[in-house]
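Please find the structures below.
Each of the next two complexes has chain A plus one other chain: chain B in the first, chain C in the second.
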Partner chain A sequence: MSELERHAYDVLVIGAGGAGLRAAIEAREHGMRTAVLCKSLFGKAHTVMAEGGIAAAMGNVNSHDSWQVHFRDTMRGGKFLNNWRMAELHAKEAPDRVWELETYGALFDRTADGRISQRNFGGHEYPRLAHVGDRTGLELIRSLQQKIVSLQQEDQRELGDYEARLKVFAECTVTELLQDEDGRIAGAFGYWRESGRFVSFEAPAVVLATGGIGKSFKVTSNSWEYTGDGHALALRAGAALVNMEFVQFHPTGMVWPPSVKGILVTESVRGDGGVLRNSENKRFMFDYIPEVFKDKYADNETEADKWYTDADNNRRPPELLPRDEVARAINSEVKAGRGSPHGGVFLDVSSRLPAEEIIRRLPSMHHQFKELADVDITAQPMEVGPTCHYVMGGVEVEPDTAASRVPGLFAAGEVSGGMHGSNRLGGNSLSDLLVFGRRAGAGASAYVQGLTERPAAAPETLARAERSALAPFDGEGGANPYGLHMELQQVMNDLVGIIRKSGEMAQALEKLEALKAKAAEVTVEGHRQFNPGWHLALDLRNMLLVSECVAKAALLRTESRGGHTRDDFPGMDAEWRRKLLVCTASGDGVEASAEVVEKPQVPMRPDLLDLFEYSELEKYLTGQELTGQSGASRGEGS
Partner chain B sequence: MGYQAHFRVWRGDGEGGDLRDFTVEVNEGEVVLDVIHRLQATQASDLAVRWNCKAGKCGSCSAEINGRPRLLCMTRMSVFSESETVTVTPMRTFPVIRDLVTDVSFNYTKAREIPSFKPPADLAPGEYRMQQVDVERSQEFRKCIECFLCQDTCHVVRDHEENKESFAGPRFLMRIAELEMHPLDDADRVREAQSEHGLGFCNITKCCTEVCPEHIKITDNALIPMKERVADRRYDPLVWLGNKIGRRKA
Partner chain C sequence: MTASATSAASAQDNTSAGQDKTNAAGSRGSQPPVPEGAITITVKIRRFNTEFDDEPRWESFQVPALPTDRVLNLLHHVKWYLDGTLTFRRSCAHGICGSDAMRINGVNRLACKVLVKDLLAGGGKATTITIEPIKGLPVHKDLLVDMEPFFEAFRAVKPYLINYGQEPTRERIQSAADRERFDDTTKCILCACCTTSCPVYWTEGSYFGPAAIVNAHRFIFDSRDEAAEERLDILNDVDGVWRCRTTFNCTDACPRGIQVTKAIQEVKRALLFKRV
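Our next item is the complex of A and B:
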């Protein structure tokens, strides 16, 4: 191997969205020499797409809010499958993470008394989402980006070098994690997108913050970066993924024109009063309130509409049910022939708020529909339908430290699993990024400080990584990566999509095997300098491995829960709530294949269980679990 | 519905390149970025282009379409007639890396030269109180998606490499204005805007405002107010006297 570019850091963060940047800030503040790798340019990560807000129980708008209420909402949203410790840490720490952003320079919308304003969102009992119009993700990433710049300015003043302790590398894709003989993390290997040259980073701790997997699906709100890189890197390094069968289809994506199909329409439209109607002009969500939520959601329009002004004495409108419920309802309406002209349903805010108020509260939505669909949302309804938005599943981590099974490997944000159970509530992602980004940065720092020697990767590992990355340039006449990608997206969309059946998933697994064989022979044209065909060929390996995890886990889970709906097993099964599906991989590169096994869920700590009424727990827990429940809780619920 | 469009796309690298002609299918509702992607998938798999969100929110796909700085993802094909040739070239102000991808590191260098938000020393996190009307001025500037089209179009640097050293460009002069107007920022930024970051170069031709895909009124709301604050400091005799006798910070 000739002159491979090499760098050495204490903590290497892969991914530069909210979780990655927050992790990097934390590691740097713990005194670690830290590097962040962005797959795109600095500040362009998918976090910018988040619209509605950051969920944090600050109680600025409704003082009844508290971490306990936020915890309960999160567990309900995830249908009690969540890792309860993560949900607890998240609910407790989210307010501090939001306030901290203000010290970085973030400017949230305000309440009349000058505090951070909070808006309503699906599944949240009180107005809880700190926001900036409908561009909260941009505010979050810019604030973190600017905090990093301010730390670099400190280093410049102190040490004469902006990058002495914290460096951001843009447009760098990691293809392999490096490990020593004992399997401990030793760094990462990747390429510069710009030049196609290879680079190796030596680092005893790696934080994965690579986001999700949406690009494996045809209709998605996710950008090209979302190819499951971190999920696949973790698997190939020996870590495990949990909950991969749970994929969130956001109920409201654009459906027309075709080129923007899937682009997100924020849930804030509904939080601020928008309603869903079918082609018969009916507010159909009243027909889809599931049993477990009957006491929390209004069953008539009058009560639902009153809730916006008097939330304490009315139940919430069913448009604000958790996302999985709304997505399934839209899907059913369209299937029943009551859809809109382009195969969605109508989302209307124009008849609910004055035009100037819509423009003030939802400026990006107004802009997006006007520019891309010729629709004026202050005068007309939008057409919307489900779009693949988020994967609940991800790297299995220790809640407190974000450590995976592999020594030195940490994960935070969408690439980690457990926090959201079977379904994530809107607004809980941005807070997740900050809470667990910080914890991962701290966890990685503590790990590095505890090491007596830095693990070293065997040199042949680097040579192998290089050969594997160059394989698509070998040979001729193999499959075109763009074509393969489209086939994969079609398979996942049609056969492992929003409604799943055993036979279809088995068929999907066969097709995935065939696609893997073709991917092994994929060939690309041109040279290595900024070659998107080559980049896609390498990303495809990750998408295929992760898709296999999704399909295999989905086939095994014979119940419907949150972001996993089985046509052949429509009910929720309390026995399944006690089980997690854990994916691991064997083999390497495009030959890697996934295995899924069951693992018992750790029972919830009694004091957390006591936060719920017995009558609610009955809906989720098995009889055996309930028998162990304390008398006090039982009394409270009756 | 669909038709065959004539595209001319610049292909090359730092060494040089030229416009290449393509005939490519266009369907209803598509934007220029869709057509560039179709070229990648069917005719030029190694055509380099940056993009991420495809919804005008990340500011990655900046380029020039028929000579005008635009986001590829927000330029609908319906604004062109079917017979019109659509010419796509990289941003001219920044060095080309390959095809439509340019080296925008100038902007990241400038970003680092602007002193950061200085949090109020006497307030703990959670104690910040600001009125909506007071944050709105800076919020407008924080809508910026950093597409750098304003930097690309600004004549101070567009054909004047020599000015890049001493001129932050509209995006980062606006960043100074944003911090200056932040209700709780503790730093004084007026003098440096002029002396260090080149505010004086701007002669308010509003080209930056015209190309801003977020419709931020960069000139009217950020640059002109900053210029006024500079003028107040420099030419107000009382301020001048205050500075001389050292009783005012400016």
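Our next item is the complex of A and C:
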């Protein structure tokens, strides 16, 4: 232990995507000595893959837009299960975060008068997504990265040290959070991916910004980093996760060739006019408009097509329904035998826009299909199908400060839960990262400033963390981590996927137990120097624990809502809207296991409830809730 | 399927860590079914592990692949089934994050964007694909290089918006034409394909390299930015744009299709004519 590398900071941010970088900037602006740790290289985080844009009610394209309309859309998209305070903060603050990003230097596509342009997207009533072609996430990360470089150069001029206030530690994985005897955060323990050496960071506040869990599923748009690390670290530290049963399957992932199955096809294709057709050349989405959305979505092609030029007087095309609806519809079409040759459906923009317009608006998609599938999207339809894309569930946090129930532990972005309810709208992720990244940075700073002493981890905690991390090198002949990972992905895909059944989920839980037992015996080859097999063995523990949360919560929720569809309980149940499922864990390392309990949802504040028509609330709330809310009798019209 | 060490030996390559490798390969367990239409490709990888190797060595693996597979899939096959210690970077796996730049058959490419069908040997001959780390940066292990010198050059050109005026209440106005002016150089994903394909960079590591110049260009020609002069001064340095020999390697290497050489020329012209 004597040679353990140690660092000390005020605020430690784990994850260098949009939320992590924004949190780090905020903490540094609050005078905190801040460190960012990331598994990949700086600037390569999963946020770069966001294509469509960042949702903010700036009203640059349609001046009718306002935070209230954005709030309503977000709640509808999440089927009213959202943490309404988070949705409110998000809708109110997103425009400021986009403008702020612009002052950092971000590039945006512009309107004719030079303001930030906004595009249409599923579930958003007005054109709301600020964007840069279809590479918005890349620009967001680059702008934050550039901002950090500029702050570091400022510190260099002032203090003679680039990293005096803000330092990024790349290719470093955290395996444990450190806590003092009272359970307060004291830092984090991890290893350098390159050398395999251990490192400890002392810090009274940790912001988790580790993203999602998609690598537990076989067909996914997520990259290798998405192994639920932050979710699992939070659980093991004593924090709770909410909404883990809600996993978003993006309706349009590539389905062919096999090597690229799951890679995302941006929703902008549909926002810009692309339509979904089955093997009978029918625009099938008209058959899948659910009751709650009938007044907002066109039931015929003529009206749907008119909407693109006259949105105020026509209802939206059903291709732009929230993602959960579209994903289920595609799934049903394929099951009914009306799918495309490779098991998806057709997404066609070639018959909808001139070729040069497609190349201008969707350059990355044009490129992606040409290069990877040999398909020219200006001349042919694409083949697409659902792909695991986003987890709505995550660390339960205080909306205003992003604080979890563990003192000193904060979470922002995909790893936090509540904001998106049962289903996230496209474009609401990038704005979520900035709004709550900033709030987590501020919340963590305020917490640290309020401390009278720095919590210290007991020395044996470090020794235990080290033993646990080295366990995969012990023993011989155990399972290969890659094989175990594939088994896990298959289980989650087949048994806890887009359509769920009680028996299958029970089976999944048995299999997860068996996988855990195998994972305890997993053996890795080679040495500690950049050893991807060892890294995966450690990531597997996180994936297994988080998958258990997903399966257990999904089994308990006997209704269908957003990103949770039960074949045996196909309807939405207003009683269930009032309940959250909260996951906690007990035990250590690979032995940790999850427990799920019900918790009542906090009723929405009356002034927010008043933003909705009574007739709409009737679709989601129980009779008891409605009679209790006289103020909701007449909401502002939409 | 041939185990790695056997195939390496048959290819008469350096198998200095061969003993270790045989056991390693043998412990990998069962392999996935070979898909219909698969062909066997010899994947010849430049390996280097400071723990065993005094210098880099070649190792070959036999990998079943579909023509539509990408080189990244071949590397995954090796790592998952043949040798779990093979080390390389990758993140998004479809050309946006810029993590998996490597030298594939002698040219810099992203492994996630090169299809096997484009590398097949003609006339029914067996195909060998060679994969090496990108050149000009220190190799840490196998295909993994130290990116720090590359990022250092990026940071040196002040790659962020500098504006001495008042902050706008909301956003700065920028016309579509002004925005279009530097669109090409904003596509950069910092993968290092361009910089590490540059013969000048190979011999003169102090040269800023194409990527840093591209990122300077992105701000020099941004109508909102006011520090073009500062950046031009930096690039007028002995290790700046004048080192460029206009070989176009960078433009050929760019996976984003950025006209890298043209951007460098535009920076040179701005220096010569003191005009942006």
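The rule is simple: the second predicted complex is superposed on the first by the 630 of 638 C-alpha atoms of A that agree within 3 Å, B and C clash if a C-alpha of one lies under 4 Å from a C-alpha of the other, contacts with A are read in each partner's own complex, and residues count from 1 in each chain.
The definition used in the following text is that contacts are C-beta pairs under 8 Å (C-beta built on N, C-alpha and C of every residue); 3 or more make two chains touch, one makes a residue touch a chain.
Every value quoted in this text rests on a predicted model; they were computed, and no experiment measured them.
Partners chain B and chain C, brought together by superposition on chain A, clash. By the touch criterion defined above, A:G421 lies against neither chain B nor chain C after alignment on the C-alpha atoms of chain A. Of the two partner chains placed by the overlay, neither chain B nor chain C lies in contact with A:G563.
Legend: residue contacts after superposition of the two complexes on their common chain; A:L41 is shown touching both chain B and chain C. In the superposition on chain A, A:H527 makes contact with both chain B and chain C. Applying the stated contact rule after C-alpha superposition, one finds that A:W99 touches each of chain B and chain C.
In the overlay built on the shared chain, the residue A:V132 is in contact with chain B and with chain C.
The intersection of chain A residues touching chain B with those touching chain C, taken from the two complexes, comprises 40-44, 46, 48-49, 58, 99, 102-105, 107-110, 113-115, 132, 135, 138-139, 142, 146-147, 149-150, 152-153, 194, 223-225, 257-260, 263, 364, 367-368, 371-373, 480-483, 524-527, 529-533. Chain B meets chain A in the complex at residues 13, 27-31, 34, 40-41, 45-60, 74, 76, 97-99, 101, 104, 108, 111-112, 115-117, 119, 125-126, 128-132, 135, 138-139, 142-143, 145-146, 179, 182, 185, 215.
Within the complex, the chain A residues that touch chain B are 40-44, 46, 48-49, 58, 95-96, 99-100, 102-105, 107-110, 113-115, 117, 132-133, 135, 138-139, 142, 146-147, 149-150, 152-153, 162, 170, 194, 223-225, 256-260, 263-264, 363-364, 367-368, 371-373, 480-483, 524-527, 529-534. By the touch rule above, chain C contacts chain A in their complex via residues 24, 27-30, 35, 49-51, 66, 68-70, 73, 79-81, 84-87, 89-99, 113, 115, 140-141, 144, 147, 151, 155, 158-162, 167-168, 170-176, 179, 182-183, 186-187, 189-190, 219, 222, 224-225, 257.
Chain contact summary for the complex, chain A toward chain C: residues 40-46, 48-49, 58, 98-99, 102-105, 107-110, 112-116, 132, 135, 137-139, 142, 146-147, 149-150, 152-153, 194, 223-225, 257-260, 263, 364, 367-368, 371-374, 477, 479-483, 523-527, 529-533.
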